[in-house]
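Report on the following structure.
Going in written order, the chains are labelled A, B, C and D, and every chain counts its residues from 1.
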């Protein structure tokens, strides 16, 4: 199958490679001349035959919107756009509304897998109309991991449902990582425990907590047994925030994932203003020494 | 009334003074010679007439236990010990069991008020048998704030119930302070808000959140508008931990007070091992830069 | 001073009354004929002399927007609108942008005090340009509690800052209430504690946790000692959600207020889907009985 | 190798079977006559040759202590007891101190694997002196999953470290399960998502959140797509509580695991007393209707 791929960074570039290995023909465009196959979106569209399939893999927000708007001008009725970046599900609804009047299909697709995806395949969650999803299925099949389709791919629901599922996936990821991390900290703090890495590694098989994240933590502890020289400073990429916002929006209690999110915020503070306030209060009522 | 007071530090010393102002006779003992009225527990006991009343106000744990054990040797049937320090309620049961066979009464009394208590009076929560509580009532009445007895004093229940109530009081205090502190941080972070202290001060009357803690926060912000030079570093004195432990013991959900407690723990960490683990994990799967 | 008041419900009606007691002349409009002084916004505007002052006190969202839009048509340059309802601070910015081109001033004002405000006065937090705030000051002075202006009123900052401060006030309120509530539950669960209401009442004076909310809890426990016949079901009015959303937006850790918010969500669930999932998982790996 | 096994319930019985499959000789004792090989601890000890190895697999607390005390009388210098039940690490220290004077070795071993362990092997975490751990290694090797020893077994540290590691393992498990559960609830609540089970299944390969627990959740959703007829009621077996207690003891922030624990507590309440208090408070200040 022939497909256009816009955005050839860390993710898009590897996906082009994985598709090519599977025998698909990929025409790639990127702002970076050294990465691209064609020099413009116009050339990319011209290189495809109708009905065309174009996969968008650029930063979410303005770059994605601008790309889809341009595609709305260049593509024709019957063509299909797959938004594989990190758009918020609400943006998907807007982008679909922009293309629908022109008869151009829209499928949103959350992609998981990071730097391991090229070899292991990508977990895919998509949303859209069944006839549109069907068109792109050969591409989905090439990108997802080997094995039964349903173990690496889902048509989650209407437009936006793919990114919604990916958003929730990432929210869960925040919670999972923090659960392991709290366990790591407690084990590390306890004097009778002499082999913290060994504990995690011993959970690799046969235990309830075995997982890919656990394997990665063992790997990280192999490289740095006490996580030496690793800063606590941790950024967040948006999906965690959106997940908690949606929980608030849907009145879903979400203590675990929100705690993991807040811990990331705190990791980036030199001095917590809230704790300064607590310390100041204690100084006022208790004569407790305020550490200056 | 005549009473022996053991422990004349910041709290005990002020309580002696408040009792004297109320016309009670206080014989005080402390390890610090410059503070005490008598040179030993023996002298203190000898200076009182049976039935004697002795108030213990020394650090909890070993010092309190040792003092009560000594009093068990020195006092006689019909005498009464009031433990006014910060003993855990489980210790009260043990100390009472130590004195009861000798016919010596035991009342535990949680005392709130800090450095403000001398002038404003202390909030008192006690536990023990009614006949014992009754004996000490003139002392309780002198220590508690002016006004109706029930607004500054409670006989909360059996031995231990006084310190239990004080423990919960302090747990609540953790939650209250942190609620204000989170609000402070959010207001401070927002560009359109120009007068953060003014906001807190405007809540002093007529709003739902008005409280003594709010007044203290306004005072702290008056002294340092941005809480300049106040470290986030915040210790904890035990009751907060015990409150959450008891919540776990009694299967009571306690998300708010535990969050406030954990935030204090975090305030004392240079680098969070848990967040190092999260950062390390992200480095493993995402190729996210780990900040060294 | 003469003022128009739109919306004469529980809040607006009492505020009209408090203003009249203070000697101000209030022309009120409401959809409910039995409450209003004039039959239309047109009549209300006609009853005022330029420069006019109109206070909007209707439900937030569409009703407020629609009212302000109509006022934009009816009022003239130099007039002033005070939005005293529960608008989100982002709406304030939009409403101000709507009136500004016509030379009509806009001040947002968060109002706290509930049913007690008529007699005790209302806590007021406003946002807007200094010259606009100045115009309405006699009204603010009449509505706020007796005492120094700064203890019941603040000009918090730019347009939106008043509702922002009120939003944070309500978020703090969520945290405060839940801290007391957790303490209540723990005290109630403990067998040695015999007088739970007495404990709270004893904190009324001289303790760190004394507050108006504490007084209200004592009042509630006076009426129903075990809170008999009170459902756990608790709604939320929006400001708590906005506070946590803003915390996420500003990357401010907010574990306490969010926990209080999530507990409200949970209080409205018959069966927690999340806990069903946990129970199902335990059934899968542990052979733990799943309670059907 | 020949080993005595005390306690042949769901866990112990399967472990006996797995050991026999591996060619070990197991002499089992249980209070249930239908399960056991010998009729008393005396017979069990008599059936083994010195140096004897006895594995204790009975309920923690009194049953374990009583069993170890009896073994202290029956065993001889050079024999070894492995405590494979769910003892708290503090109990291990006490039990070791009980046996050590007699020259009887003590190893604590946390065992994970539940009903799947018989076929898949058990994750093992042990604590004790190296020479004692070495003696039992053939048994550990038979019980743990196939593959490298360190991926299913760890000598975590001193006496107690095995159960400490198992305790932390279970604490992590609470957090992991709740993270998935929150994601499940949010996906289930969203109208645009049509295939919730499909989403979880699509994460089975190639995503960051893939794990054995995820597979189990997919299995549970296969059996009951909406988790129909599964109660939210979830018990807890102790290790989760101990983990949070230890976090408090060690001043380790633990917001995620504690939130998961508290959610279990809440799942067992018909009516939350804390939320009744919040509802009562709202009724007091806001005139908000209290739902009776």
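The rule we apply is simple: contacts are C-beta pairs under 8 Å (C-beta built on N, C-alpha and C of every residue); 3 or more make two chains touch, one makes a residue touch a chain.
As the structure is a computational prediction, the values presented were derived from the model and not from experiment.
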Chain labels contacting chain A and also chain B: C, D
Superposition rotation for chain A onto chain D, Cα-based, multiple of 5°: 180
Of all other chains, the one whose Cα centre sits farthest from chain C: D
Rounded Å distance between chain B and chain C, as computed from the means of their C-alpha atoms: 33
Geometric centre distance via CA averages, chain D-chain C, whole Å: 47
Approximate Å spacing (C-alpha centroids) for the pair chain A, chain C: 37
Residues within chain B bordering two or more other chains: 114, 116, 178, 180, 182, 185, 189, 208, 212-213, 252-255, 259-260, 262-263, 266, 272, 274, 285
Footprint of chain D on chain C - complex, ascending: 10, 114-116, 177-178, 180-182, 184-185, 188-189, 212-213, 216-217, 219-221, 224, 227, 229-235, 255, 259-260, 263-264, 266-267, 271-288, 290-292
Residues on chain D engaged by chain A in the complex (per definition of touch): 89, 112-114, 116-117, 120-125, 127, 144-147, 150-161, 164-165, 168-176, 178-180, 182-183, 185-187, 189-190, 192-195, 198-199, 201-214, 243, 246-247, 250, 252-257, 259-260, 262-263
Residues of chain C that touch chain A when the two form their complex: 208, 241, 244-245, 247-249, 251-255, 258-259, 261-263, 265-266, 268-269, 272, 274, 285
